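Structures incoming, each one as structure tokens.
What follows is a pair of complexes built around chain A, which joins chain B in one and chain C in the other.
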Partner chain A sequence: MTSDQRFTTLAWLATLLAALLLPVLSGFDRYILHVAITITLNVALATSLWLIWTLGFISFAHAGFMGIGAYASALLFTKLGWPLWAGMWFGALIAGAIALFISLPLMRTRAVYFFMASWAVGEVIKRVFAYYRDFFGGWDGIFNIAPPKLLLFGLEIDFASRVAYYYLALILCALIVLAIARLNGSRTGMIYWSIHQNETLAQHIGIDVFRHKVICFTVACIFAGLTGALYAHYHTYINPKSFDIWKSEFALVHIIVGGLSSIGGPVIGAVSLTIVDELLRATGYFRVIFFGVVLIATVLLLPGGLETIPGRLRRLIRSGERR
Partner chain B sequence: MSLDEFVQMSLTGVNLGLMYALIAIGLTLIFGVMRIIQYAHGELFMLGAFFLYYWFVEWGLPYWLGVAASAVVIFVVGALLQVLLFRPLMGQSILYPLAVSMGLIFIISSGGLLVFGTTVKGIPSVVSGGTMVLGAFYSYERMVISLFSAGLIVSLWFVLQKTTIGMAMRAVSEDPEVSALQGIRTRRIHWIAFGMGSALAAVAGCLMGTLLSIVPTMGFLATIKAFMIVIMGGLGSVPGALVGGMILGFIDSFVTTLVSADVAYIMSFVVIFLILVFRPSGLFGQQWD
Partner chain C sequence: MQLLTIDRLTMQFGGLIAIKELSLTVAEGEIHGVIGPNGAGKTTLFNAISGRHRVTKGRILFKDHVISGLKPHAIVSQGLARTFQHVTLFKNFDVLKNVMVGCHLHSGYSYWGAFLNNARTRQAEADNERRARDILAFVGLSEALHEPAASLPHGHQRALGIAIALASEPHLLMLDEPCAGMNSDETRTMIDLIERIRQGGTSIMLIEHDMKVVMQLCDRITVLNFGTKIAEGTPDEILKNPLVHEAYLGTNSNVA
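== the complex of A and B ==
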């Protein structure tokens, strides 16, 4: 194990430990727990968006698929009384099925056109939710989505409590990140990066590029659907605006600021920008302005994103030692 | 649908289409020359409209001079943005300029709310009256706007085809390195193209300002329309932007009148999607990598 790998493993373990201890450290503060849950959901969304990026694509429809998962799970709960435990998987499954169906034509487009086309898909998904008032509740959305309860060894856990919900979201988020990290480290992940670098060459060495693209997109959207179901049951209220183009754009911003080359990028980006966003909440109108300034400054002054900071520091220390 | 309804909707469609095309041509010009996605294009449209509002309504200066002044000011703003923010990112992944322009949207639209306030403003029209065309009412105002937009598009076409600077722009969008070898100063072409594209958006903002209500958040809708058009027509293609603008204008006019605005919006996205399925680079576009 090289020192780089050891550092990475340690960093992941430290993050996980900090995340597990957070409720205790914050003294079960309700506001901090709310921010923490938002962070876990953002991390899950950004990471699954990053999975599509390993192909070289950026999907603007990602929040839309999150919405599909959220609406499916919420409707199953409000109309049929299914709890989150069942609705979550159905939501993910429906998001995946729609993603599979849409990606067949969508993946014919390339580069810039892809994210334009995916942007159209995202808008259509949102507008469909808004248009069918009777079924999806129109712009008003869906109310009264209760968080689930779980009977475990005779002990009832009510996830209306933020601590419980935080751990639920954290476990799911960690599993999503782990799954994507494993996928990225596998042979399939290498195939994705080879498509990213040179699609024509990948095709020529015998990779079924189209099939891999469709599968990758579908898998990422399944994760987005899961995240959406968690979102719906946490907020207990969803409307089409929760899943509009800005949600996808914020996930994209998280990836760009965090870094594009490894899975650490979306995680660190989503964590730090969500915190920055919360810190700026007190500044009112200036909040969005500051957010824009932070975004532009990071892109211009820190090429490669936040994930390059450890490497930069190490190089700085080494050049200091040499002197 | 009777004939006069059909004529009425067609006139509205042409009018909308020309103005949409004006915004979209600016965007497609910027993409063609620089290969960046200027997501904040609509914000410059909004700034153009607000400049005219202050010029014409608050300061009481002449209207048409205000349109020209707005174009000049936004040209300078666009050129400065290019030099300061987008030039350092040339040659990098297309995501970085995209992120910068998203940051610009945040800054300009929220800054607009702070500076201009949240009250809805409007520019009174300078042309009144109208005429009947085949049983449909056609106001002189819309006629002037259509003719002005069409004239501007034609003159832009002329600039791109006949003048040295226009040819240099087309050369840079064709192949930046070879055109640099031929002695074209590509960096200068970049800021000129960015400024020109922004100025076109500003003029469109001034023209639509009399028809729409002016609010600091109006920019994003313009961005959406412009993007829908350039995807349909093909990025970097000026005729494509014109055709795309017309398609969108007609969908907006006909479907909104016959069904509803929501359906028109969804339908235009479906049309875009279908165009991309059958022609993955838009109607007139080429494949960019």
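== the complex of A and C ==
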């Protein structure tokens, strides 16, 4: 292990430990737990959006697929009484199935055409939820989505409790990040990055580029669907606006500010910006302006994002030692 | 035996006919040169064979299978690889990783295998790395394994481009101007490399403007002009052919 790798492993373990201890450290503060749950959901969404980026694409439909997972899971609960345990897998599966179907034409487009097409897909998904009032509840959305209960060794855990829900969201978020890190570290990740860098060359060394694009997009949307189901059962109320283009754009800002080149980027971006966003809640509409300023400042002043800070510091220290 | 057979190939882009009724064969074990003035359709020919452009009319057969109409990745998997005129590499990968991606076809890759990282996948990746190192030693890049590809000097980038193509273990390798922009030292190294690739049992098809390279390397040469074949033969025959002189120098060739 090089010192860089050791540093990365330590940083991940420290993050996980801090996340696990957070409820105790915060004295079970309900507001802090709410922010923490929001962070885990944002991390999961940003990381799965980043998976599509490893191929070189930015999808504005991502929040839409989160919405599909949320609506599927919510409807299975309100109409059939299925708890989150079943609903989230079905939600993820349905999001994945729709993503697979849509990606067949969508992943044939490139660059700015992909942005526009994915934007349209995201908008259509939102409008479908809004249009079918009887089934999806229209603009009013769906109410009374209860968090689940779990009987574990004769002990009943009620996930209406924020501490319990926090740990549930944290575990799933960690699994999503872990799965994507694993994918990215394997030959699959190597293939995705090779397509990102030079699609023509990738084709001419025998990589079936289109197949990989479809699978990558589908897998990322499955994770988004899972995140959506968790979102629905936490907030107990969803409407089409919860999953509009803004949501995708915030996730995009998270990964750009965090950094695009490794999986640490979306995680650190989503964590830090969610906290900043909460601190600015009182300023109302200025939050959105602030996001724009942060995005521009990052691109201009810190190219590569927050993830490059440790490397920059190390270089600074080394050059200081030499002097 | 004919390795590659091109049968009355026509390539048309809108109103422009880039290649017209071209027939051509490449025999097993030979180095076959394709020359011609700029715009003669040489690169279009490569793009048609490698599946980059869709064939308008005609057929292309490789080892007696029709490959025209297949996607590029399917054509590579039949054993037909190519390089590009402009240096194409995975610029953000280091040298070793460039060739390891190139080993894709023979990596025993599957999504689940890669995700689970089981014993078989680890073994396959270890084999890949060894193979990539061997190929890089063969093209003379052993010293640069962990350099970023973009930082290599021009001649080495060219060699790396060929190493990536070799990693797919082709039976026929198509080189698009391998010596373009090289100084005489680099050119000599490249000629030597191409000779060694042929000795390893890979047939070669070659576009090149440097006539010294073409005359020294090729067993047979096809001359294109305005998308049609105007001559074909051994280097000596081509040098004596008046039609070739005309295409390159115009009708009053005595000025040269």
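The working rule: the second predicted complex is superposed on the first by the 320 of 323 C-alpha atoms of A that agree within 3 Å, B and C clash if a C-alpha of one lies under 4 Å from a C-alpha of the other, contacts with A are read in each partner's own complex, and residues count from 1 in each chain.
Basically, a residue touches a chain if its C-beta (ideal position, glycine included) is under 8 Å from a C-beta of that chain, and two chains touch if they have at least 3 such contacts.
A quick note: this is a predicted structure, and the numbers were derived from the prediction, not measured.
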item	value
Which superposed partner A:I296 touches (first chain B, second chain C, both, neither)	first
Which of chain B and chain C A:A160 touches, first, second, both or neither	neither
Which of chain B and chain C A:E249 touches, first, second, both or neither	first
First (chain B), second (chain C), both or neither touched by A:R110	first
First, second, both or neither for A:V124, with chain B first and chain C second	first
Chain C versus chain B, contacts on chain A by residue	B
Chain B versus chain C as contact partner of A:I58, first or second or both or neither	first
Residues of chain C that touch chain A when the two form their complex	50, 52, 71-73, 76-77, 81-82, 84, 88-93, 97, 100-102, 104-105, 107, 109, 111, 114-115, 117, 121, 125, 164-165, 167-168
Sites on chain A touched by chain B in the complex	58, 105, 108-113, 116-117, 119-121, 123-124, 127-128, 130-131, 249, 252-253, 256-257, 260, 285-289, 291-293, 295-296, 299-300, 303
Complex interface listing, chain A residues touching chain C	179, 182-183, 186-188, 190-191, 193-194, 197-198, 200-209, 215
Touching residues (chain side chain B, partner chain A) in the complex	31, 37, 85, 88-89, 92-96, 98-100, 102-107, 109-111, 113-114, 224, 227-228, 230-231, 235, 262-263, 265-266, 269-270, 272-273, 276-277, 280-282, 285, 287-289
